[in-house]
Amino acid sequence: MSTAPNMVVGQSKAARWSFNIAVILLCLWVLVPIYLLISNALSAPADVNGFPKKLLPSVNTESVEFFIGFYGVTKALWSSVQVAFLTMVMAVLIGAPAGYALSRFDFRGKSLFRIMILMTRAFPLPLLALPMAIMFIKVGLDDTVFGLAIVHTTLALPFAVLITYSLFSGIPIELEEAAWTLGCNRLQAFIKVIFPLVLPGITASAIFAFVTSWNEVFAAAVLTIENRTLPAFLLQSLDDAPLHLKFAGGAVLVLPALLFLFFVRKYLFSMWGIANR
Amino acid sequence: MAEINIKQVAKRFGKTDALHSIDLTVEDQEFVVLLGASGCGKTTLLRIVAGLETASSGEVHIGGRRVDHLPPKDRGIAMVFQNYAVFPHLTVYENIAFGLRMAKLDEKEIDNRVNRTASLMHIDALLKRYSGQLSGGQRQRVAVARALATEPEVILMDEPLSNLDALLRMEMRAELKGILAQSKTTTIYVTHDQVEAMSMADRIAIMEAGKIIQADTPVEIYRNPAAHFVGSFIGNPPMNFLPAKKMDSSTWQVAGASYHGPASDKSEIQFAIRPEDLIVDANGPLQATVKLVEPLGSHLLASCNVENTLFRVALDSDAQVKAGDTLSLQPMSDRVRWFDTETKLALQ
Amino acid sequence: MQSRSLPYLLLLPATVFLVCFFLYPFVLVAWQAFATDEGEITGKYFNKMVSHWKFEKALYYTLALALVVVPVQLVLSLMMASFVSSMKKGRDLILYIWTIPLGISDLAAGIIWLAIFDQTGFLNSVLYSTGIVDEPVTFLGYQNKGTIFIAVALAEIWRATAIMLVILVAGIGLIPKEYYEAAQVYGANSWQRFTKITLPLLKPSLQTALILRVILAFEVFAVVSALGGTNLPVLMGEVYNRQFVLQDNHTAAAFAMLILFISIISTVFFMWALRTPKGVKA
């Protein structure tokens, strides 16, 4: 992806310095707020509520322990994991076959399906929580982990379809055809040739689905009461919870997502880039 | 015994006809090349034989068995793809063994065959490598080895050499020809490279716009093109064509001189001659004005103007010719060919 | 080997899912906005929505936030994207850092900026320690809508620039290097190369990025909740209040229709404004 206009030829020293400084400032702009959150989460509650703040944390797990021990937190964490896991499984299992079909076949209705997928982009999807709340009451899925996972899957599915579509499209069809001429049927060719090649990408798209669900607030808050996920729990305790609970909660919310993103960083651009075209 | 019979095979993509009722028989152990420009339908035809594409109508028989309803794996074929399609997640060894494992051969036989074909293709040393660690030429060899290892009755090759550089292509061309002759398989080979076709084929099928125009031996195709298209496509540079006006029953006037030609009731037909079949002769009937001279080493190519038509002449590389000269040329009488202006077919 | 029914079979689960849980619910929510529980068509829920004293403020703040945040993000992401594409060393690391906010939820972003803007937060600490203020300022109190607005805008810019950046970096990656070299040969300086090559060829990516981003901006909710509570009303917050706190499904649906409406308007606008003429492809 080396596309750039060549900045080095004829570039002055001053220009290079201001370029470097701008890049570093932008890095700080991203990193400092995260540092401050984590610094807060690793400070004792007294320091978190005290004033003025120290820039170095006291490194003390009291806030985190308080958060974990707080009524409803472990349950919310568990709900979050369940919902995110279900979302991940459903998004990949439903999305990947569609992505494969789009990449390998020409058929009537293909563009209609693509339009439907792209339409989901132009709609504020969290609003789906409203009608779903009513639908779920009718079928007994209200306030359930599974019900929320369905809404989150709607959020994650279009991405899963487009990402797997680009993954499958990236694998030359000749590889599959070669397998067919060497004695495989369609399923065998898929299992022996295509699947091993897309597995890392599928894993990355699964992680994306997981993070999508893990981070979602609005639908989770509207659709759950007893089975609140962590974001829904935090949202509802914003008014009355002490500061150290919020910051510890925020840190617990942020860290897994960062970790996951680190593992899929290689796929970030191919996925978001292509999926968004 | 694996003869391939293609009977009235047609293929439509939507409203366009990619193939118009193709008939072609490939004899057992014969090497047939499908030659044509891109988009002429040659690859589609090959893929229909392989079972990767379904014909809109017609039948395909391999070894006397009708196969057009069978999936590729049940047709007894092997195929070599243009981009090699060497599985990137498997070693060279496992790539060659792939078809053998699918056929559930025992481990000893697989090992034997992999080693045998690998040494035949000179890739013994690469067996543990992955495709990412191979050069284009090596990948090509793996792809051929993988096809040969299954000992198929029929090998289908889709422009297998087109991604190699010129020197390597020439080397592989000769090697492939030898290996395929030895393996006694029936081969259909698709290419757009006429030199490749001429040098390798027992028989060449020239395709244009979804039709086979002529299927014959390389020399016959070169010497006796069945249609105007074949003459203008084969040969580098291709045949020269000039309009011929009727004088009497079988005498035709070409660029001011008269020639004995075929009997035809048409008032105008076409005269054709290859650039190398012209002799410079002070008494020659054809007057050609030289426009451009290209020294090509083995010979010298002069692009001339005869009656406002481009006319190429291959001359000896020592010939002293420059732009603006006028050449008097004598066509070699046994090499002159005639074509119908309307049907574009050869006239006897 | 082409089986006619196979593609349909593969698409079936996704289609059924989207019809049941995407298309149908949107019909349902529209129905809720326009009809009573008894099925009578009515405009009263929209009247109720419009006549609420928070309506105008919620609409105003939502649109104002989008208008402030999105242009800043556009400039910032374009700048970052061209920085990244002119880097050789450290490119991957810088990109990873700049895209970290992609993984951060809007709620977490709100909490992160709460740590800065809170009365006992880091901003006050710095201002106090350096003697600029004598006592901590209440940035996020109900009487300081202006500073809440700034805090929310900063948090949004911080959080959601990354998604535009990723789309734009991927888009720039598709522009062949030769175009820049050709432009350079004909004498274009780096600014001219940016405006005459990058921007026009980046149009499809810009379009996607803007559509996606503006719709997300209209959905702004958790950041506002974390930073301003109910002091800064926004449309999505009103939907939440109606639905969850007041249990008034119909008016919530009316608000939803409004958000949907402005989302579609903006999508159509960007599709028109950044359309690519036929035959032009990067």
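Note that the chains are named A, B and C in the order they appear, and that numbering of residues resets to 1 at the start of each chain.
One rule holds for everything that comes next: a contact is a pair of C-beta atoms (placed from the backbone, for glycine too) under 8 Å apart; a residue touches a chain by one contact, two chains touch by 3 or more.
Given the structure is predicted, the values throughout are model-derived calculations rather than measurements.
Among the chains in view, A has its Cα centre nearest the centre of the complete protein Cα set. Chains joined by the most contact pairs: A-C. Work out the mean CA point of subunit A and of subunit C, and you get 16 Å between them.
Put simply, the C-alpha centre of subunit A and that of subunit B have 53 angstrom between them.
One finds 57 Å separating the Cα centroids of subunit B and subunit C.
In subunit A, 180 are the positions where the chain touches two or more neighbouring chains simultaneously. Among all residues of subunit B, those that touch two or more other chains are 51-52, 71-72. Residue positions 1-2 of subunit C each touch two or more of the other chains. Put simply, subunit A touches subunit C in their complex at residues 1-7, 19, 22-23, 26-27, 29-31, 33-34, 36-37, 40, 48-53, 55, 93-95, 97-98, 100-102, 104-105, 107, 109-110, 113, 116-117, 120-135, 150-151, 153-154, 157, 161, 180, 186, 211, 214-218, 221-222, 231, 234-235, 238-239, 243, 246-247, 249-250, 253-254, 257-258, 260-262, 265, 268-270, 272-274, 276-277.
Against subunit A, in their complex, subunit C makes its touches with residues 1-4, 6-8, 10-11, 13-15, 17-18, 21-26, 28-29, 32, 79-80, 82-83, 85-88, 92, 94-108, 111-116, 118-122, 124-125, 128-129, 136, 158, 163, 166-167, 169-173, 175-177, 180-181, 183-184, 190, 193-194, 197, 204-205, 208-209, 211-212, 215, 218-219, 221-222, 225-226, 229, 236, 239-240, 243-244, 249, 252-253, 256, 259-260, 263-264, 267. Interface residues of subunit A facing subunit B in the complex, by the touch rule stated above, are 172, 174-175, 177-185, 188, 192-193, 196-197.
Listing the residues of subunit B that touch subunit A in their complex gives 50-52, 71-73, 77-79, 81-83, 85, 87-89, 98-99, 102-103, 146, 150, 156.
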